[in-house]
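Both of the next two complexes hold chain A, though its partner changes from chain B to chain C.
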Partner chain A sequence: MNDQTLTAEERAANLKGMGCARKRVEDVRFTQGKGNYVDDIKMDGMLFGDFVRSPYAHARVKSVNKEAALALPGVIAVLTAEDLAPLGLHWMPTLAGDKQMVLADGKVLFQGQEVAFVVAEDRYIAADAAELVDVDYEELPVITDPFESLKSDVVLREDLEGQTEGAHGPRKHHNHIFTWEQGDKDATEAVLAEADVVAEEMVYYHRTHPCPLETCGSVASMDKVTGKLTLYGTFQAPHAIRTVVSLISGIAEHNIRVISPDIGGGFGNKVGAYAGYVCSVVASIVTGKPVKWVEDRMENLMSTAFARDYWMQGKIAATKEGKITGLWCHTTADHGGFDACADPTKFPAGFMNICTGSYDIPMAYLAVDGVYTNKAPGGVAYRCSFRVTEAAYFIERMIEVLAIKLNMDAAELRRINFIKADQFPYQSALGWEYDSGDYHTAWEKALKAVDYDSLRAEQAQRVEDFKAGKTRKVLGIGLTHFTEIVGAGPVKNCDILGLGMFDSCEIRIHPTGSAIARLGTISQGQGHATTFAQIIASEIGLPADDITLEEGDTDTAPYGLGTYGSRSTPVAGAATAMAARKIRAKAQMIAAYLLEVHDNDVEWDVDRFAVKGAPERFKTMKEIAFAAYNQAIPGLEPGLEAVSYYDPPNMTYPFGAYICVMEIDVDTGEWEVRQFYALDDCGTRINPMIIEGQVHGGVTEALAIAMGQEIAYDEMGNIKTGTLMDFFIPTAWETPNYTTDHTVTPSPHHPIGAKGVGESPNVGGVPAFSNAVHDAFRPFGLVQSHMPHDHWRIWKIANNLGMHG
Partner chain B sequence: MSKMHVKLTVNGREVEGLAEPRTLLIHFLREDLKITGPHIGCETSHCGACTVDIDGKSVKSCTAFVAQVNGADITTVEGLTNDDGSLGVLQEMFREHHGLQCGFCTPGMITRAHRLLQENPNPTEEDIRFGMAGNLCRCTGYQNIVKAIAASADMLNAQKEAAE
Partner chain C sequence: MIPAGFEYHRPGDIASAIGILQEHGDEARVIAGGHSLIPMMKLRMAEMGHLVDLQGIDELKGIDIGAETITLGAMVTQHEMITHDGLAVAVPLIREAALQIADPQVRYVGTIGGNVANGDPGNDMPGLMQCLNASFELSGPDGIRSVAARDFYEAAYFTAREDEEILTRISIPKPGAGVGQAYEKQKRKIGDYATAAAAVMIGNGQASVAMTNLADTPIWSEEAGAWLAGGNIEGCVAAMLDAIDPVEDNRGPVEFKKHVAAVMLRRAIDRASSRAG
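Up next is the complex of A and B:
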């Protein structure tokens, strides 16, 4: 056992710890079709639930006739708001301090809203019965435009009538939700008034949807004998769901077991609480049988958790040399029929106040007005940390617009304004403390990698060729330097429904030197079982292959706030390292006892404690683990385990430089991504293979959003993009290859220096693609146009610029 | 609703059961046969998570009735594992090249890739991207899926050569 033949490097390599491109342990199951997703769960006597949904975007529900549905053989129950009201479950609280109807209580506010819940013996009968429920509607005027909504006499939320105070302060109008202000308004306006140059634009980030490949669903099973409720579901935050279910149902929290099994992608879609979850629970209580609810794709796109829909009016002030002096932003946020945003309580517009981006902007002001409309509720962080992607898109467009105004190269304008490496920790004008960064180094590396000067020369030549009639294709160079704010967050200012946003890890070392770790997070494809074991391996010197990782079962995992907002590595990853360090501290005492020296006379060496100055005298972690269970060590409890609840002192601020080179056919509007370079700095890198995979996936989601994906409504509030025929998801055919790169600027406050990466590529990718489209047309006079840049909209840009002759 | 008798060969095993004429193949596989590898992502044949192999063709099982394929020979991702329980070539290469993340599209992806490599044992990157365009993935951006399939083609061809 006292193996001295291996070098420290070899021993470290055997651990497959941090920095190793370790193959994923999850994949052995997934590649064989042995995943266990919600719809794979089957229980004896299980019933199926299906919704009756409103065809109207705004209507009064005059009556619901269940008779024909109940008469269908195999139908067990049909639930309406009337049935839920005695339990107080016809409405539920949202994560944003608002409330939302579980089933239509007198009226509906968006197309697809849940009106009745049919429970039947199988999913076919449930679907048949849903058709037989006869609902009498009286149509009401529909408002789909947030600006119109604030002027309209039509009251959308009659339940709030007369309430001038909302969860986030005063309401200015009956369709107004909140105003959120950050920064110094007067001082910013003074800067704008005195500036050499002010560029002003409306930047619209359209409504879209996370659309994970697996839709949302749940299986509720109320055991009437034990009084225990087991709830399986597509939950990105299983513990928070347990607490919410307990609070709204009155079932004691210890009698509720929430399990997130394998989750087929989340991207923010699975953070919120949905009517289907509540109805499956109620139906199980009512029927005494397990009840499954799984939405179909159309239901997913029309009713659960849209993202974005921010109208961002911006003003950016600068000197004539291009030094930015101030930033002003007013955002009109379309929240749909209910405010169901998934944001920390004190941040009704999420972290939109990171909108000063990567730049040293001395003065800034942000105001956000939340507005009700007849659209689906949501406003989730689709692969981003609470509105960071809106903020990044806003500032990266404003920089481009300012560059046009100044007639300056946009790369140079960024260079002039970046926060400098020696300014960190950096206090932003809108209240954040950026932990670390080296933007100039990343930027120069990126520009060099794509040979930026040559690209600009090629573009200039292309413009001449186009004007000379030699080509019908234009060339765009899309630049982005983004700064994220992730890892929510410090309990002092971050909570959801009053639950502090710490996270947790518990590690138990077994006598034979293997281990199990449990976390408060839940993987949805990020590979936690692989990477968190790597953190533990490096920290305590046991091979990652000998460490099992479990998440998602609230009966066994320590309490945590879940996985979204790129918070798993910054928060739960930190908890993992801290729990491991507690174990190592105890292991040191055990080793010292075994080696018969003082605790301070041993030192850590990869996978063992060795006597200082006598490295041949050591105890491996495996030996120490056995001793913890087999020796009576004076002053120490037996066993070797630890738990850590980690409250991060600050957010982490990953950043990156993305460059997209795009060819655009002005006659068809078709685009082709010729090159995409993505440099990410996520601090310490745990598994480079997984980081690269996250970047590929996130940039592809960004490609979708920027180039075609949207949730669109007509003026009647009918959703126009409710299937995958209309809702753009890129296939392998239109998705380009990406070049990934990195710099490493560790977070100074994170135990292992890691910052998180899952969402960076979406945050940085969207402006990179959009800026490429804009840049292609900049030489022909384009300043600003709205996403998504589908072929039709690109064709219109060219047409409006007179490029079709 | 009256049920009809259906008989299939699934992953080399003969199975039979009763199904309504309207029962979709994906539901028969998942609910009756408990073969839950193929997934349901859209029910409109866009996403390909339900892809299975039927008599030598890739089929999206969410838009086929089980009655339509009575008597057919069907392979799902479960049938692509080696007889000794180890991962098949495509499964291993998807793991090796990080061609999956959440795993939800993976059974359909691998089953489609299996057929693609039968149709074209030496595909170019373009062939792979075109041939896989009926299967959506929200996690990977496809780059590593393409790599995994190209690597599988190489490995399968090398195996074939060695056997000859």
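Up next is the complex of A and C:
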């Protein structure tokens, strides 16, 4: 029998457990077009909704005339705020403690805001009817600049007029949302005052959008016989959505079933609650029929959650030798018309206070002012853990700016200031406890891999050649060492709408030794069905191929807070390991009973329990599973299943070293990434192939953001980049080759030492690309310029530096 | 992104297509590959009661390489032009430019006729056709007439074609031996309209220069061509910069576009000259 002849290594390999580059099991259906997304859901008698949206960024809605629309054959209803008000659903709470109009209640605050919801028998009639709804607007002054907004007499949020206290403390102005302060202001300013050197810059991380391949949508079906509401939707947090729907609709939570089917990318865009979800639910309650709403690409870009839009004023202090002594940051955060950020309650600016980065900075201060403007709401974590991308971009730019001020090599400046391996766990000046890291090792490995000194020599020669008129191309070497903070989070300080940010896993072992596991998370492309099965395989010795994984159905899966902020592996992955260990503990008792020895006389060996000192006497997990269902074991219940709710003791802190080498044509602003090296340390690596895929995807998104992708508005608040003609999504043509690498520094507090990786490449990639652009022009005098670095902005840098003769 | 309703027609010959256009007047539009028209319909910026699909008309297809003239049927796709060996030898410029249009999927369906007839200043082929001194055959109720590409474009989306006419064929004088050609295009990503693009043909003492997406029509400058034919590149560039009239958009402000226009033009001249014999 195989079990007796195979070595332990061979048996472990057969499990395809942790460390195995196992192929993604999801891809069997995705690559054949057999996925089941929200828009694939068809139900008998299903109706279709479409929005009438505001063409204006700020206007009073004087009247909405539905007559012509209702007269169109096939139109069932046209809902406005007036219709939702009796149900109390014309406004909804946001995840940030603010409230947001579901349908325009007297005014609109951004272009594309939902004004009326048309329900019709088919999608085409709904679109025709939306055209026929006649809305009378009175235009109001538009504010698109957050600094202007804080000075303006124009009141954007009349509903909050007179409220000097917001969800996160005092409001200083009628367009002000909150001030969030971290660190010691006075002590930091004292350090700045006495420092040898202080570098100061405004670092702007522009507004962009997660733009997942699949847009947002929902199908609501109210069964008036059973009183049960079933809601399918593009939800990154299905369980939280169920609770929110119950709280705002008054439908008892047990009568609501929320299902996230296959999701085609989320990147934070699908965390929030949207008007479309609410309207599909209301329309289904009103009509008694299923109602589908799916937004199109333009609606996605203009109305569902944006990301970033942080103006970060920074000061960094250092000794002449380059030892950083203090960091100061004041951020003006443009939140748009409503504060709909998706951050843990106590963190209105997310984890922006990770902005001391990878560096041992003894004193720091951060303040963030949230501001209303006439732009779309959002501020979500676009492939990032709650503003970590903003924080990483800020510190990685400030390091470069300081290096210029000190006339020092930026790689050396980082080396001088890294937190040392023996300083972990490390207490940061802004309140975090970094779990583990070895930055110097990663950094030296990265510099060696790209032959950093040769690159610098080549760059120096290029500068000479440029000045001599031999070339019109400059060379940039973009450095980044980032530290992430992911895995939100410990219930003691992380909740969303009062829901603690633990996560969960339930595992049931079937009699024949296969299993099903259900989690509180939901994959949007991360490959959970592949990787979580690997964790279980390694923990309990059943092959990953024999383990089914389910997520997203609130009637079957245990409660969890969902997938975003790279939290699935740190939190639900931990819950998975813990649930598996409960099963293994029971299996040990079963094995001991079967082997007729004491529980403590058997030991775990890859896929079996064996009698200590007699390895030929064993029971495999498969045998134990069957025994759990057919043996009456004294003192043990039948069956073999477990559930774990995991409250992480700390965040995890993945890190990485990225280096980008870029060629730039100063005459056209065109760029070419010649080399991109990405070293990631995400702790224990569950599936190297999936990690590599995550890094490729994330760096490509970072390339887009740094080099062209933006949500831009004109001064009237019209969105200028509302289609994929202008909103930059790289194709294969624009995507460079990447070299991936890794070090492994496990998390000491995570059951399997894993830290999460999905967002690292976006967090580290953006500063790497941006620093490459800056670095190319550093020898010609550039200190700071703003992203996105599209052709004309790069050309403008060269032009301003007098490089066009 | 849901278009308004329309009647769909698929005539089998040119005469029937013209008949449908006559019957419905400005309520009707012909559709070739649809890559310009369909997005406009989905945005509801173009609404028409009748869509006349030309896919079923065989006489609009085919590439003919004659002794003096190259003839392209209006429904020849970009892909067919790219893969036609004879065309690549006779007018290498067309293949070079077609490879810069959108992506393979679009090029399988997008047609030369649709590209030149729509009058979109962002399209690449109109400037190219002006550079090559092509002429467009227009079939209408009153018969067939020919209009030079250099006279065809009046303003953005306004051309010399009447509502009831169909652009059926494109004729290009075969460039002589020793003529070098080049198309240089700066774009933000593959498939994008040009930030600036230049088509240049030079050789045998003659030259022709046209530029794309730098005004509300393609710009062919007789003066720029004359300077270049005389060997004065700076004169050519100055004349062309005088002729273009770019506007600011997401690709950048006017001063940037003018700068890039000059860069593209110089590069196209360099490359065309290196190919001239």
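By definition in this document, the second predicted complex is superposed on the first by the 803 of 805 C-alpha atoms of A that agree within 3 Å, B and C clash if a C-alpha of one lies under 4 Å from a C-alpha of the other, contacts with A are read in each partner's own complex, and residues count from 1 in each chain.
Everything that follows uses one rule, which is that contacts are C-beta pairs under 8 Å (C-beta built on N, C-alpha and C of every residue); 3 or more make two chains touch, one makes a residue touch a chain.
This structure is a prediction, so every number in the text was calculated from the model and none was measured.
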Query raised in the report: Is A:Glu82 in contact with chain B, with chain C, with both, or with neither (first, second, both, neither)?
Result: neither
**Report entry** Contacts of A:Trp733 with chain B and chain C, given as first, second, both or neither
**Finding:** both
Query raised in the report: What's your read, chain B or chain C touching more residues of chain A?
Result: B
Query raised in the report: Regarding the shared-chain residue A:Glu139, is it in contact with chain B (first), chain C (second), both, or neither?
Result: neither
Report task. Considering only touches as defined above, state whether A:Tyr124 meets chain B (first), chain C (second), both or neither. Result -> both
Query raised in the report: Does the superposition put A:Trp795 against chain B (first), chain C (second), both, or neither?
Result: second
Report task. Using the touch definition from the top, say if A:Asp262 reaches chain B (first), chain C (second), both or neither. Result -> first
Query raised in the report: Who does A:Asp223 touch here: chain B (first), chain C (second), both, or neither?
Result: neither
Query raised in the report: In the superposed arrangement, does A:Asp296 touch chain B (first), chain C (second), both or neither?
Result: both
Requested in this report: Check the residue A:Glu464 against both partner chains and state whether it touches chain B (first), chain C (second), both, or neither.
Outcome: neither
Report task. Would you tell me the residues on chain A in contact with chain B in one complex that are also in contact with chain C in the other? Result -> 123-124, 296-297, 725, 731, 733
Query raised in the report: Given the complex with chain C, which residues does chain A contribute to the contact?
Result: 50, 123-124, 126-128, 131, 296-298, 667-670, 708, 712, 720-721, 725-726, 728, 730-731, 733-734, 790-792, 795-796, 799, 804
Report summary line: Counting only contacts in the complex, chain A reaches chain B at residues 23-24, 26-35, 37, 39-40, 42, 122-124, 211-215, 262-265, 267, 294, 296-297, 524-527, 689-690, 692-693, 696-701, 723-725, 729, 731-733, 735, 737-738
Query - Partner chain A, residues of chain B touching it in the complex - result: 20, 22-23, 27, 30-31, 34-44, 46-47, 49, 76-78, 80-81, 87, 90-92, 94-96, 98, 100-107, 110, 128-130, 132-146
Report task. Spell out the part of chain C that touches chain A in their complex, as residue ranges. Result -> 1-2, 4-5, 44, 103, 186, 188-193, 195, 250-253, 256, 259-260, 263
